[in-house]
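Next, two complexes with chain A in common: one pairs it with chain B, the other with chain C.
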Partner chain A sequence: MDRLVKRILPTSVAVGTGLLVLLGYLLPIPLLASVRDELIRWAVIIAAFAFVLGFFNLLRVHSGRARKPGGIYSVILILTALTSLVLTMTALMLPTLRFLGDWWFRYVLSPLQASVAGLIAFVLAVAAFRLLRHRRETSVLVFLAAALIVLLGTLPLPAPAGNWLANLRTWWMNVPAMAGMRGLLIGVGLGILLIGLRLLTGSDRPYSD
Partner chain B sequence: MTSILPWLLIIIALAVLLWTAIRARRGHAPSTRPLPAFDGLPAELGHSVESGAPILFTLGSGAIGSDRTLTSIAALETLEGVADAAVAYGTPPIVAVGDPTILPLAEDIFLRAWSRRGTPERYNPTTVQFIGVQPTVYAAGVADLLLHERAHAHVLIGSMDEEAALVTHAAEGRGIPQSVAADRLPALGATYPADARLAIGEELYAGPARIAAFPRYIRSLRAQDVLRFLIVVLILMKVLGLW
Partner chain C sequence: MIYCPKCGTANRQGSKFCNECGTPLPATGLRCPMCGALNPVGNLYCDHCSARLIPAEKVSPEEEKSERPSPPKGISLPSVPLGEEGWLSELRAEVEALDLPPEEEIPEWLREREAPAAPAAPEAPPLEAAVPEWLREREAPAAPAAPEAPPPEAVVPEWLRERETPAAPAAPEALSPAEKPMPSLAGIPVSPAGEAPEWLREVEFAPPIPGGPFAQPPETPTADIRAGAPPEEPAAVPPILPVEELPVLSPGEIPDWLKEAPEEAPPELGGLVPAEIPQWLRALRPREEVTVEEEPAETEGFLVGLRGLLPIGKGLDMPPTAQPLLPRAPSPAAVARAELLQGLLSRPLLTPPTIAAREVSRPTGWTVARFLVGLILLAAILLPMMVRLPLSGLPTAPTAEALFAMVNQLPGNTPVLLAWEYSPAESDEMDRVARPLIEHLLRRGARLIVVSTRLEGPAAAEALLASRLADPSERSQRIANLGYLPGQAAGVREALENLDGRTEAITGLPASQTEAMAGVHSVADVGMVVVLAAQPDDLKTWLEQISIANPNMPVVAGVSARTELISTPYLTAGQLGGMVAGLTGGAVYERQLDTGRGREYEYYLTSLGVAQLTVAALMVIGALIFLVGGRKR
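Let's look at the complex of A and B:
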């Protein structure tokens, strides 16, 4: 019974569902396509419940950390998470107060996310300088030369140097960079294919022992 | 022709998997190629036990039900490869997830690992931490964990874009060893400057074979290599005008 519940049943559900969705994509049969769409809808509904788990995990982790030194940031995080929850629930129950949630997301959360995203450029510049200082290898020189060609080729420099650099950048992006990217993507595609096949044949069971 | 190609690829992959399984039954033990990003992981685990500081696993922003599902499953399988040893030594890693759909799967890995040792009550519910869905927020959250938790090493494995630079930068600032295996091209470019052992492209999916070393993973890696070889031959034939 234990084996049935813990191994056979979940494996059958996973393999059966996976095969139906795959066939729905590969075979032009309307019935399979509608079954595929229905199964995907179920998956989306189940995934939505995972957000509840995520929310409670966040509260549990940070309520523990709030008592430690520097815990003020965890307190702020908990208060912010609860504020977002209250505003979202209020907007759902009282549509006239929806503007509060919109304001919160547009003027508080989005600018915070944008400012973190803005840090990436600075971090990359620091990493490039660090790279020059610590690693003096041929591959590093090629990496930095490629970065310089792309950056300089994007600048609106006067002709003829500007045109030459722009053409070099276009060639670099279309030939060596594109070839490398395609090679990497083929490799990623193959890796994904094999994992998919392992799941579909029941060889991989991430949900049981 | 376009509709035949996916089927052809699937049939060849299945045939190669079957062929490697038959060869394994006949006693032929397949080996795996060295992968610097994962080869140092068992040693890092040993150092983590000695120092009492856990390894931080960053599983990326991939979700179950998205185009990043299988990458996230590869990351989870690699994590499962170290879970038993980490639990046996009493130094389970800290796992940072960027999507709540990965959370129960990652928690289940450690719950099962503790259960296999007969002590499920020792499972700590804060081993796996959900950071945030938005990729930059997730990266900033992991960077904060790296700066403030006593992590011995850092392993980034999963789906991330250029925001991975925030994470590797924080680990580099702490001076801890790190391995990076991300599937997205922007992440590769952004993490290349970091002082990290980098897994390029499909090497991410070889992680479970190198770490967990279950026969099914090794067979899958062999099939992956054979398919890659076939594709290279086909490309060369096309370039030389032979096909």
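Let's look at the complex of A and C:
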């Protein structure tokens, strides 16, 4: 019974659903197409409900951490999440109070997110400064050279060095970088195909034991 | 501890092999007399069956009346006395309520059982009391001193009568003890006349008592006969004396040969030795009255009130090899480790260093370097505000120019699906990419249908669109914000097929009732799809789903600088009709659109150029420092 509930049933549902959606795309049968669209609609509903569960799980986890040392950050997180929830729900239900939600987003969330993202520039600058501190391998030297070419090639430096750097940057972006990126995309595509096949055949069962 | 019999090493209790030399260690413990399990030394009760391992000591009646003594504590047993189970207490109460006869009224079966134990037969020798009934019957022919009443004639077996008949034609008045009934021989086959049966020959070949009636030693070894070897000569079988030649003794008289026998001779009686009596049979042998009285009665457990059930002194199972030896002298290494441990324990306790102390202990040079890098970056941000630097030339972006041309070809009042895939964290860059593109679409009279797979996407779109269309009526005609799409790729796929089935996020109206969504049911009804993506994955998701839903749908993108590289393959493959990438692409689009914000983009481009130049300089300086100074670990 335990094996049926934890392994056989989830695997059967997942494989069956995947095959129905796949056949709905491959075969020009209206019934299969309607079943495919209905299953995709179910997936969207389940994903939306997962957000609700995730929100309450976040509150539960940080409620436990709030009592431990350093729990002040968890308290702030809980208060922020509850405030966002209350303001957003109020703005949706009472259009006259919509300004509360707009104010919260424009003057709290946006500046905080932009500030955190701005720290990345400082971290990257420090990392660039320490690039050769620990490793002096060929790959690090190539990375250093490519970064300098792209950074300096974008700048409107005076000719003829500026023009030479701009042409070098264009070649670098269109040939080596593009080749690497195409290789990455092909690898990602093959990986997605392989994962899909493994899920359809039941070799991978991330949804069960 | 168990000491190794070979090297003397002390091993942990329960070890099977020596930890030093690997020699198998003897098992020690108390053997339970009831179940046979081996218990740790010191246990009073068995760990497996709860039987008492050590007999209870005899307690005087005064002590029993004063206080019931608590049993000594064992090793693995509870310190409190074992209480009776509920069912046992109930059963005991029922038995007491039955009004049983007093103790003197012993049942018939118990009296028969106890009868042999009582010394009620003074004429019988003590030896007979210790021998079972069947054994006494076998011994009877050898000890004719206990005459019994003559058995009936028919009890004598046929073969014996035939054998006796020629030897004693005239039967005596009183039958000899040899004619006692032998029921145990009834099933034995009769041997031919003049030849003793097999069982009798085995008995006769046993070592006889010197001076007894069977004093003649056998000539043939018993083992040969038992092995089945046929007797070669009939003379090898010792002759059996006729019954009439046996001496007739009066009752209570002991024959001479028996008097001369040593005290330990009884095992030889009848050719049997006591070792042949089974254990279970010996356990059933009645005990003497005196012995039973000396053993105290059990006061606890299931054996309350019973005596003599546990043997005294037989529970300890200690092999002779388990001699506790003194441990060897510790090795120098062990002594050194012990001294080190003692030294560590004798040290005063040190308070752990706090986080602040650990930070102070970091190299000062590294802190200074980080501080300098921060100062340089701050200067790179502030410098373009104070000084106009010649770092913002006229950039070129062919993809942005191609996109501008595509938007210019859109007919008026065309619905355009706008995928808003960036959050406020990326809005500093993406707003300057999206703003000229949206401005251009609105100028062309397009209706914008906004969706997003990011939670902050609809709000970020509303913040930008509200600044462009402040009039609510105009906004409702030109913009429909359909909000967040859960489910990632599945959500995009579902939305592309069912755009009018959603709800407008700002007004709360069904999308099909808004003016901006007039005539739009799915992605097939829009004239263009614009993807504003800050992350590469978002752009890939939209391109894949649109190519499935409507492969001929024109798709353009406004992306961040980091997404530009991964977008280029889709652009060259034709899946993307045009693209605006980063601040440079936005500046080119802005310049072509001519919205009057050229100075703003020039400032941002100058700041970006200064930052890029600063980072490049830091990389070069850092590389030189660490190349010259050496690698740090």
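Assume the second predicted complex is superposed on the first by the 185 of 209 C-alpha atoms of A that agree within 3 Å, B and C clash if a C-alpha of one lies under 4 Å from a C-alpha of the other, contacts with A are read in each partner's own complex, and residues count from 1 in each chain.
Assume a residue touches a chain if its C-beta (ideal position, glycine included) is under 8 Å from a C-beta of that chain, and two chains touch if they have at least 3 such contacts.
The shown structure was predicted, so the numbers you read here are calculated from the model rather than taken from an experiment.
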State whether A:51 touches chain B only (first), chain C only (second), both chains, or neither. both
In the superposed arrangement, which partner chain does A:133 touch: chain B (first), chain C (second), both, or neither? second
Have a look at where A:178 lands relative to chain B and chain C in the superposition and call it first, second, both or neither. second
Could you say whether A:72 touches chain B, chain C, both of them, or neither, answering first, second, both or neither? neither
Would you sort A:156 into first (chain B), second (chain C), both or neither based on which partner it touches? second
Answer with first, second, both or neither: which of chain B and chain C does A:95 touch in the superposed model? second
Could you tell me if A:148 is touching chain B, chain C, both of them or neither one (first, second, both, neither)? second
Determine, under the contact definition given at the top, whether A:1 touches first (chain B), second (chain C), both, or neither. neither
First (chain B), second (chain C), both or neither: which does A:31 touch? neither
Interface residues of chain A shared between complexes with chain B and chain C: 40, 43-44, 47, 51, 113, 116-117, 124, 126, 128, 130-131, 134, 181, 184-185
Taking the touch rule as given, give the residues of chain C at its contact with chain A in the complex, in rising order. 369-370, 373-374, 376-377, 390-395, 423-428, 456, 459-460, 462-463, 485-488, 490-491, 493-494, 497, 508, 548, 565-566, 568-569, 584, 609, 611-616, 618-623, 626-627, 631-633
In the complex, chain A touches chain C at residues 25, 37, 40-41, 43-44, 46-48, 51, 92, 95, 101-102, 105-106, 109-111, 113-114, 116-117, 121-122, 124-126, 128-134, 136, 144, 147-148, 151-152, 154-156, 173-174, 177-178, 181-182, 184-185
Could you list, by residue number, the parts of chain A that touch chain B in their complex? 26, 40, 43-44, 47, 50-55, 57-58, 60-61, 64, 70, 73, 112-113, 116-117, 119-120, 123-124, 126-128, 130-131, 134-135, 143, 181, 183-188, 190-199, 201, 203-204, 206-207, 209
Sort out for me which residues of chain B touch chain A in the complex. 3, 6-7, 9-10, 13-14, 17, 63-65, 70-71, 73-74, 76-77, 80, 99-101, 103-105, 108, 112, 116, 125-126, 128-130, 133-134, 136-137, 139-140, 144, 148, 162-163, 165-166, 168-169, 172, 183, 185, 188, 190, 192-195, 200-206, 216, 220-221, 223-224, 227-228, 231
